[in-house]
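Structures are listed in the sections that come next.
Both of the next two complexes hold chain A, though its partner changes from chain B to chain C.
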Partner chain A sequence: MRRITRRRGILLGVVAAVVSAVVVLLSTGLGKDPSVVASPLVGRVAPDFTLSQLNGPPMTLSKLRGQVVVVNFWASWCTECHTEQAALDQTWQQFQDSGVVVVGVNFEDTTGDASDYVRTAGVAYPVVEDTDSRTALAYGLRGIPETFIVDKTGRIVDRIIGPVDATKLSSEINEVLLAGAR
Partner chain B sequence: MGQLGTYALLLGLALSGYGAVAAALGAKTDRPVLVESARRTAFGLFATILVVNGAMMIALLRNDFALRYVVENSSRETPAFFRALSLWAADDGSLLLWNLILAGYIAAVALRFRRDRPATFPYALSVLFVVQVFYLILVNGLATPFATMSSRPADGAGPAPLLQNHPLMAVHPPFLYLGFIGFTVPFAFGIASLLAGHGTDEWVSIIRRWTLVVWCFLTIGLLLGALWSYSVLGWGGYWAWDPVENVALLPWLLSTAFLHSVMLQERRGMARLWNIALVIGAFSLMTFGTFLTRGSVLSSVHAFAQTAVGPAYLAFLAVVMLVGFGLLMWRLPTLRTPARLDSAISREAAFVGNNVLLLAAAAIILLGTAFPLVVEAVSGQQITVGGPYFKSAVTPVFLLLLLLAGTAPLLPWRATNRARALRRLRVPAVAAALVMVATALAGVRNVTAVAGFGLAALVFVANGQEVVSGLAIGRRGGRSGIVRTMLRGRRRYAGLVVHVGLAMVAAGITASSTLGQQTEVTLKTGQSTVFAGHVLRYEGLRTDQQPQRIVLSAPVKVNNVGGGGAGTFDPRMNLYPAATEPIGSPSIHRGVVWDLYASVISLQEDGNSATFRFYRNPGVNWLWLGGFVMALGGVAAAWPVRRRHDDDEAPTSVRRTRAPVEVGAV
Partner chain C sequence: MNAAAAKARLRTKLPVLMVLLAVLVGAITLAVVAVRGHQAQPSQAQQVQQIAAGLHCPICKDLSVADSPAPLAQQMRAEIAQKLRAGESADEIRASFVAAYGDSVLMSPPRRGLSGAAYFLPAIVILVGVLGAAMLIRRWVRSPETGPADDVEAAPLSATQRRAVHRALARLREEEPA
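Now for the complex of A and B:
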């Protein structure tokens, strides 16, 4: 009887060990954020663009060297974009004095719809129009919203697919700022 | 609608919690009244979840943009048909359907065992309710399908373009869910028998029957998925070894193994431990698949958007494995059965071989699917395991399985009268040899193709011959004689029919994967190209503005090289407002021997020039037909027949005394 109990204990231990191993292995997949996509663009110089601004002079990405740029592709018809609006605004308010620029790149939209949205939603950061979608193609856009973080040297350090999260975005920007300061 | 749905979900959670406790308590304290009340709760639960799904369906159909789910998955322009399908177009909604199907299975179990109940019934019922509790917790907080918008937008985003592009989306997910979720029932009865602990084999025939039902649904679901991929995605194929496809195939392989090895237990009292391990394994793999798909660990065509429920799925998977395999180890002494094969050439040995091979295939696929996760966990590198690995590793295993499917049904149980079995193998073996020679003479130099066709012929003739000889014997008794013969040997004939279907599927897969042709060309308007005996001429772009999308079609006129028209292709690109890339829609001329398949890859110069991919795919329709025959055989085996016709439940001692060459494949 005691032998049976002992063997049972060993077998149950084996089951527990195997299950824990599987859980540990699988949970590493949970730790990372699947919206952060490995992209061949990450680490390379961000494709440059000069695009007309909705309310202001044309903007050129390469002229923003020395600052961290958050390039966010959006459209007025995109509901997911509406949900990340607050996060982007908050990032802009929080970091605009620390050398961070948020640029909204309006994608597949009409100037009228885009302006209406910017006015009613109170978008404060600069918004440019990618009228012929050339910039979207250069960035290999999969869908919108999609956001790229460009460091002070003009290199893409991250690509975020889907709506951004304010906390995650700000901690990432802090990291980029720190890395640049080192 | 939102409030109705939210409250009904809470009620459902309460009901399933009550059911789980009442059933287990009733069994433990021997109070049948409690068990009966738990059994009736199943119907209340089903009705409640039906209301939940109805509420979401109505909200979608009425475009109730106060609900976030409706905003994200419907729009004013979406046709009503696809609005209804949006119920399972995204994670939250599909979880509602998932819950509905699970509640449906519980209600079916409750109905099936309303009078004669096995001793394990209360525990099984309790396990079923516990699983439902988990899935209802998911939609009662971790996911919030009925979440509302802070302000009500004028229009929604519409369903994901790929999901509103083809009506097959209406049937593929529900069938796959029916197949997937159904594994809960065999699992519940398996766990119940381990909990009850008496070493009887009472659970075997119950689990076998339910597994058959689930197997049929999963077969159809996988088939519809392949058909969807072939008809919608425009890459000319039907199976991409995508992780999510793989995890759907894994439980199918395990349940197929179970349906074979269960016969060892029914007839010879063997493999009890093995069988219950397979049942638990199939459910664990199903849960693993759910975690992989919905836990947002990997990206695939099927992966749902990022959700917060990943850890919950992982915890559930851990509980399932711990409880399932833990109980198995606990009860190990009562599950031991004598494992003794009388001969290496016997049905028993063939079943063992079948199980080894099916599990090897499952292991190869599981390894390939999980490998990227392992690599990323260890080294942080993102890798993918592609089709070539799966193809080269799995093909030999599948070929050996065909060899078994073509010979095993002719082998006797135990070892008596081997000569007679070998005699019956003569015709199929000759047929296989002839097909192989003919294939080689026709110029096919691919060894896999030659072997695949030969073995498919072996399976087809060997199993078909058994069905025909059964019909011939029955005919002596007139029309009613045939019916009686078929009914008496229902399991046997159903199994043979499944094998005949398998032969067709094997031939189709062999043909399409080894003998297909393809080309990619760019044509200007009016320009032609020659492909596979056809002259293909691009007729110029046509644009059609529809309310929910713009359809760009690139018609191609098809003529035979020798002259004579063969019709027009109409491959399309659909532009949906929510998508940056157009969604292709291939055009397929389906034929008995081969399909001609065209998809448009890109358009240049305002459509004056277009790049096409043309495929000539042989045998794809055999695959669909064969799959249908397999499912039909499965249905025939699972179909409930009144006992006086049915020998399913006949005691094993009676069966053993029958003629030595008794065949029962499923």
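Now for the complex of A and C:
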């Protein structure tokens, strides 16, 4: 009967180790949602911007320091943005007197289309125009809608990919407000 | 030396010659790439194209910023050009996009951390393959008649078996014509 030599044993061990490593790498990688890429901006100071408002004076993010800011990137042509409109309006109505500002950042749109949408949908919170997409790039935007929650110190505490949920957004804002009050 | 022996010798040396040829071709290719690398200073448009080709378009699937017609990619190219005009290096420009998007914005994985394995693992695999091939070729050259050596060790002979082998050898010697 043939015996397995030491050399062959080592070879089999190496092959088994390599196969195991590949399996572990693939299984951990495949378990992740490829569309959800962690933002390196979370925990860091939000990139500042000064953008013109659709109906009002230019708005500067750093001037809102001391308030919680919900920065929502949207466009009139984006159907998922329409889906979350009610949730954002609800959040604005609920928190505008509690030191929370919702800012809609209009992305890759025309002023006319954005204004028409704001008027017909009854958007009450301030909306600014990112005409050259520079702010979108600074925020590492990968699509819309995308929402960033900025705390009172100006740090990004969360990034929400896709339409926001009113309940989740409210509880998250409450947490940020509570953390800021401590 | 007869023709058959020369043919047999050539057959045993053939794998070695093939490996040498492969190494030679590789060396020539590397030399050509090295020489071509020293080209004239690229224009700013070429630099923009080079940097953009190394960045993923964040809102597209599997397209670089250089190849994407998306407005965001166009804006990224404009920003690269502006940063180059401002005197920023290619590394600094890439770093600014990584700061906002993370390493996933790079078309090639970074050379640090776990991603660095993508660079050194292929070299290790090739090295192991070449060493393995060299060992096999050495064995074939040493024993061309038997082909690849058997990896299985022969079990030690028992005393009875050893005696039987001795008897058989003695018989063979007796039968041998003087």
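Keep in mind that, in the parts below, the second predicted complex is superposed on the first by the 144 of 182 C-alpha atoms of A that agree within 3 Å, B and C clash if a C-alpha of one lies under 4 Å from a C-alpha of the other, contacts with A are read in each partner's own complex, and residues count from 1 in each chain.
Here, contacts are C-beta pairs under 8 Å (C-beta built on N, C-alpha and C of every residue); 3 or more make two chains touch, one makes a residue touch a chain.
For clarity, every value in this text was computed on a predicted model and none was experimentally measured.
Applying the stated contact rule after C-alpha superposition, one finds that A:A17 touches neither chain B nor chain C. Once chain A of one complex is fitted onto chain A of the other, the partner contacts of A:A124 are absent, as it touches neither chain B nor chain C.
When the shared chain is aligned, chain C comes close enough to touch A:R134, but chain B does not. Of the two partner chains placed by the overlay, neither chain B nor chain C lies in contact with A:A179.
By the touch criterion stated above, A:V45 is placed in contact with neither chain B nor chain C. With both structures placed on the common chain, the touch criterion links A:T5 to chain C but leaves chain B unconnected. By the touch criterion defined above, A:C78 lies against chain B but remains apart from chain C after alignment on the C-alpha atoms of chain A. Contacts of chain A with chain B, set against its contacts with chain C after fitting on chain A, overlap at residues 8, 37-38, 108, 136, 141-143. Those residues of chain B that touch chain A in the shared complex are 71-72, 153, 155-157, 291, 295-299, 303, 305-306, 310-311, 314, 317-318, 321-322, 325-326, 329-330, 332-333, 373-374, 376-377, 382, 577-581.
Across the complex, chain A meets chain C through its residues 1-3, 5, 7-8, 37-41, 47, 108, 132-134, 136-143. Chain A meets chain B in the complex at residues 4, 8, 11-12, 14-16, 18-20, 22-23, 25-30, 32-35, 37-38, 77-80, 82, 107-108, 136, 141-144, 162. Remark: chain C residues 58-59, 71-72, 75-76, 78-79, 97-102, 104-105, 151-153, 155 touch chain A in the complex.
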